[in-house]
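Structures follow.
In the two complexes that follow, subunit A is the common piece, with subunit B as its partner first and subunit C second.
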Partner chain A sequence: MARFVARRLAGMVLVLFVVSLLVFAIFNVIPNSDPAQRMAGKNAEPILVKSIEEDWGFDEPLPVQYWSMMEKVFSGELISYGDELNVDERILEGIPATFSLCIGAAVIWLFFGILFGYLSATRAGGWLDRALTVGSVAGISIPVFLIAAVLLYLFTYKIELFPASGYVPLLDDPLQWAYHLILPWFTLAVLNIGFYSRVLRSNMLDVMREDYVRTARAKGLDERRVLIRHVLRNSLIPVITLFGLDFGATIGGGAIITEAIFSLGGVGQYAADSITNLDLPPLMAITLFGAFFVVFFNAVTDVVYAYLDPRIRLGSSAQ
Partner chain B sequence: MSPQALLSVKDLRVGFATEGGLLQAVGGVSFDLAAGEVLAIVGESGSGKSVTAQTILGLTRSPNARIEGSVRLRDAELLDAGEDELRKVRGERIGMVFQDPMTSFNPVYRVGAQIVEAIRAHRHDVSSQAANDRAVELLDSVGIPDAERRVDDYPHEFSGGMRQRAMIAMALSLEPEVLIADEPTTALDVTIQAQILRLLEGLNRERNLATILITHDLGVVAEVADRVMVMYAGRVVEEGTLDEIFYDPQHPYTWGLLGSLTRLDRPRPARLPQISGAPPSLLAPPTGCAFRPRCPHEFGKCAELPALEARLADAPSHCDRCWLSPERKREKRQVAGQIGLEAPA
Partner chain C sequence: MPLEPQPDPALPAGEPDEGFPSAPPASGAEGHSPWYLAYRRLRRNRIALASLALFILIVVFVLAAPLWANHVADTGPNTTHTTEKVSVDGEKREVVSVEGKPIGPLWFGAGGKFFLGADGGLGRDEMVRLMYGGRTSLFIGLTSALITTILATILGLLAGYFRGWTDGVISRTMDVIWSFPVVLLGIALGTALALGGLKIGPIEMAGNSIWIPILIIAVVYTPYMARPIRGEVLALREKEFVEAAVAQGAGSLRVMFAELLPNLWSTIIVFFTLNIANNMLLEASLSFLGAGVQPPNSSWGKMVSTGVESIYTSPLLAFAPGVMILLTVLSLNVFGDGLRDALDPKSKIRLEAHAGLAEPEGTAA
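What follows is the complex of A and B.
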């Protein structure tokens, strides 16, 4: 296990390094991204631009700029070019909203994904399976912003059931917290509900043909036990793997659109705003933040996978 | 149904509705099985032997399956029994062992836990601890060394032979009256095969267990069977005692099977004899004798399906489906001095 963790940590450092290089490089080649120009404003005197460059260190060679930015990200001293506020503090402020959104949506998509997949597979070919198939494909195909728009139209305008935007911290008022998050949760979950139910359905239909399922029936287990203990249990292994990766990716950027639409003020919305302003420091920090979660949940997924499937053993623990 | 029969199958027909039409996998199979008897069902892939066995336990039931006939276990009819009733028979009264021990255990549960699950599915009052002790005892009885420790192994930690032993232990965990072993040795090495057969034979003798052994391997049959049923294209083409089938086979298909056996006591043939051609499509089987297209002895009458009946005056239990007269059969089955099916001209 220690070797596994060490290997994963080394991998993580490498990934974060490559990702940060990419962000830095992209930012420095896209047009109209010169921060000094943007900070000085339109039609600024060249002398002003020059002095901003000197103040912020934009005249330094790129590797030096990169290094100093990395130092600041990890020491918490990074300042935005736009509002000149501390980036790391701003991200920390956004974390509760982002996590509330992502964790809630994940619970919902996992629950409904498994429920619908199970119902579909156990009634394959029936009307419920067909209905769920149509629903899933629709859920997968409709883009998030459209789902958000439809939900907003239906539940905040047609029927004034839910608030259209805003985030209430969980500790301030748990009911209001959930009430404000219901629409964003479902908006974010719909795609994966559809996707997971399709994946689980096809896994279950494959597993149902396995010899060990026939064995389970032949030893006299009741059908529900066969389906849950033998078919569903084994079919969930790939779904859980998928979940680990998707959850990491959702925290690491998948929630940007949803956060922005519902003005939740989380990390994703900060990212959306920073992109509009071509503000490198927050983009760099948020990208690293996202990449960290993707890599982290990848590693967690590997551990969980080894636990779920005894045939898999993590490299070093077998000795 | 004879008075001592434990399991009695009458005119069992199993068809599956497919896109290409009705696939008649089993076309009327009948047999009785007595306590302590070993019945071997022999035939090549697709002859309907596994489908017959699985239908006995209702494992082929599906919306597409068309199942007719009768399967009686003592006095209970199994074919139209409800799922709950059938569930009590599965494992409890009829145990089943499958072909591939590699895939017949669920890979994510410990071997012992899967045996415990089988026990507790029927004996709700048995504690997990007691069921686990029983699993250890069973594994030990089928020759798993260090059963106390190995009971907590996962299936992938067992070798193929050990898995098949464990499978047999699981099938016997509730002391069923009938054991159905569907190609129990096909996936194993020859030495392990012999061990498993020895094990089945011992169990059969010790427990007076009625056994249906399904195989395509006549070598396996010769080791353990009392009675043999040869199946071809969903029908029984010949049945009799072990000696009758091996020493006085009446059906050309049986000759072919016997002729293709490798034997250490005979000179080695240049090339292993085989039955030419392939089994017929079950979607559109030939009229008359199904073996006709592959049979070198085919004649006009074969276009009509021969009944499965005793054709030898001195052997009332030896039945076959072939129109040739017994004298002609004895003459034609001699190929190079031994029983075989001559190659088509």
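What follows is the complex of A and C.
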């Protein structure tokens, strides 16, 4: 197991290195325009362009440029050109809001996804199953901003039940924290509720046909015990995998639209604001930040999966 | 002795079909092609057919944009009516009030003009914009899905057939794209290219060309389809018919495109349908954030993003384009689902193709 973890971590570092090369390429090497001009934004003064050019050393060879970019990002010296504030500090400030949003939404989508999937599979073909199936297809087809718009209109305007925006730190006031986050949590969770209930439903229907389920029934276990201990538990393993990947992707960038609409001031909103100002240094740093979480949770998921299913770690350490 | 000579058993028979029962009977279910059987299964799926009808209706709706614009609304998608008045049932009303509030939906009150009202301070006809914006959204969804499908099929075939280092290079490249959050990669490419445009050899694109979001979306989603195709090819290439083709002297290209590709069609068709839905959703997200379609072009996603700013005063401006996206994506998802059930009832492709791999492969290193 230790060897597997080590191998997986080494792989993660390698992927992150390649990812950083690609980010560098996207923002600095894409042809047909002057990178300094691009970084400075649309209507930049020539002086600013000149200073960016010197700052970043765009006349240097590419490997040197790459090195200086990474140095800036990791030493915390990266400055945005829109508001001339420190990019790394701004990202760190945004992390509590982003994590609060994503973790809360993840709890909600796991709970309802598993509940709906279980109800659907155990009543396959019935009216509840049909209603949930329709609901889950709608859930994965609805654009996030439409859910947000409908929730905002209904619950902050028609019925003034929840605040429309803002983030209150958890340690300042836990109640206000949750109160401000309820609408964003549900907005972000809807897609994955639909997705997870579909996946769990079809997994459970597959598992129900397994021999050991028939054995469990044959030896006289009551139905509820069979469904929960034998069917549900085994159907959840692929769901755990998906959860690891989706959670990484959500923290890494899946929450941008939700954060922007509810003005939560997290990393995602910082990204959305930077697009509006066409401010590239923050986008570069946030893309690296997002990719880190995707790759990290990918690796964690593999390790957890290998722990749950020994066939995987045995298979790969035999190579 | 019979007059006719007995056929010499040692000689190859002149008409081998006569004696062999291998030709299928001309009628009966066993004689139908798999395509016909799939068509019959699909025809019985009412929900899938209704979804297809809905999608066709939406396509007709956006194609009719010039008709509505020229003959009913009498205006263009970017024509402003800030200071004009429109007569509603004989009464003159301002398109944009003094306080800057746009006129609400008039339905047929002004003969179809401002059917859904005006879109904000500029006083453009929302209905006309909705129809033209839909053209952009659908066009981007369809073209990018086509490019995704072609790229993913070719890459999946190459990686799965040749294996070895070809597979290594292709799969690791896919892994890198996979390591980016989909929306962030789209944003990074979208903003970088929107500023400077793109130039590859003789092809040159302006920063606001709609081909930029098309290419970005197509590339971003390619790994999600290429990996399952590769998996299928890996399994198919071990089958006897491939061995037979190789024994007959077929080259790699012929095996890939004449032997393997026909076996992938049902997967490809289902993925194509679902790709349109996913790609439209990504386009909407990118345009909503300002990293997709650039002015003067508009799309449903972009319209929602301007509509959200006035959600409390004119909610329809955000809801109308948002609901259009929902209906289009929903119809494609449900139809794609039915198509999969019809083409291959045992198939494992899921509607949620965008969510990526169903089982982890500890192969990043």
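We adopt the following convention: the second predicted complex is superposed on the first by the 273 of 319 C-alpha atoms of A that agree within 3 Å, B and C clash if a C-alpha of one lies under 4 Å from a C-alpha of the other, contacts with A are read in each partner's own complex, and residues count from 1 in each chain.
What we mean here is this: a residue touches a chain if its C-beta (ideal position, glycine included) is under 8 Å from a C-beta of that chain, and two chains touch if they have at least 3 such contacts.
Keep in mind it's a predicted model, so treat the numbers as computed, not measured.
Q: Please indicate which partner A:A6 is in contact with in the superposed arrangement: first for subunit B, second for subunit C, both, or neither.
A: A:A6: touches no partner chain.
Q: Thinking of the overlay built on chain A, is A:L85 touched by subunit B (first), by subunit C (second), by both, or by neither?
A: neither
Q: Please indicate which partner A:D211 is in contact with in the superposed arrangement: first for subunit B, second for subunit C, both, or neither.
A: So A:D211 only meets subunit B here.
Q: Return first, second, both or neither, reflecting whether A:L283 touches subunit B, subunit C, both chains, or no partner chain.
A: So A:L283 only meets subunit C here.
Q: Tell me the contact category for A:L221 with respect to subunit B and subunit C: first, second, both or neither.
A: first
Q: Quick one: classify A:L161 as touching subunit B (first), subunit C (second), both or neither.
A: Touch status of A:L161: no partner.
Q: Just subunit B (first), just subunit C (second), both, or neither: which does A:H230 touch?
A: In the superposed model, A:H230 contacts subunit B only, not subunit C.
Q: Tell me which partner touches more residues of subunit A in the superposed arrangement, subunit B or subunit C.
A: C
Q: What part of subunit A is shared between its subunit B contacts and its subunit C contacts?
A: In subunit A, nothing is touched by subunit B and also by subunit C.
Q: Provide the residue numbers of subunit C that touch subunit A in the complex, in ascending order.
A: The touching residues are 175-176, 179-185, 187-200, 204, 277, 281, 284-285, 288-291, 301, 304-305, 307-308, 311-312, 315, 318-319, 322-323, 325-326, 329-330, 333-334, 337, 350-352, 355-360, 362, 364-365.
Q: Spell out the residues on subunit B that touch subunit A in their complex, using ranges where they run on.
A: Listed in rising order, the residues are 54, 57, 59, 83-84, 87-92, 95-96, 98, 100, 103-108, 117-118, 121-122, 154, 156, 167, 170-171.
Q: Residue numbers of subunit A touching subunit C in their complex, please.
A: 4, 7-8, 10-12, 14-16, 18-19, 22-23, 26-27, 30-34, 37-38, 42, 137-138, 140-146, 148-150, 152-153, 157, 195, 198-199, 202, 238, 241-242, 245-246, 249, 252-254, 256-257, 260-261, 271-272, 275-276, 278, 280, 283-284, 286-287, 290-291, 293-295, 298-299, 301-302, 305-306, 312-313, 316
Q: Considering only the defined contacts, which subunit A positions touch subunit B in the complex?
A: 210-212, 214-223, 225, 229-230, 233-234, 237, 308-311
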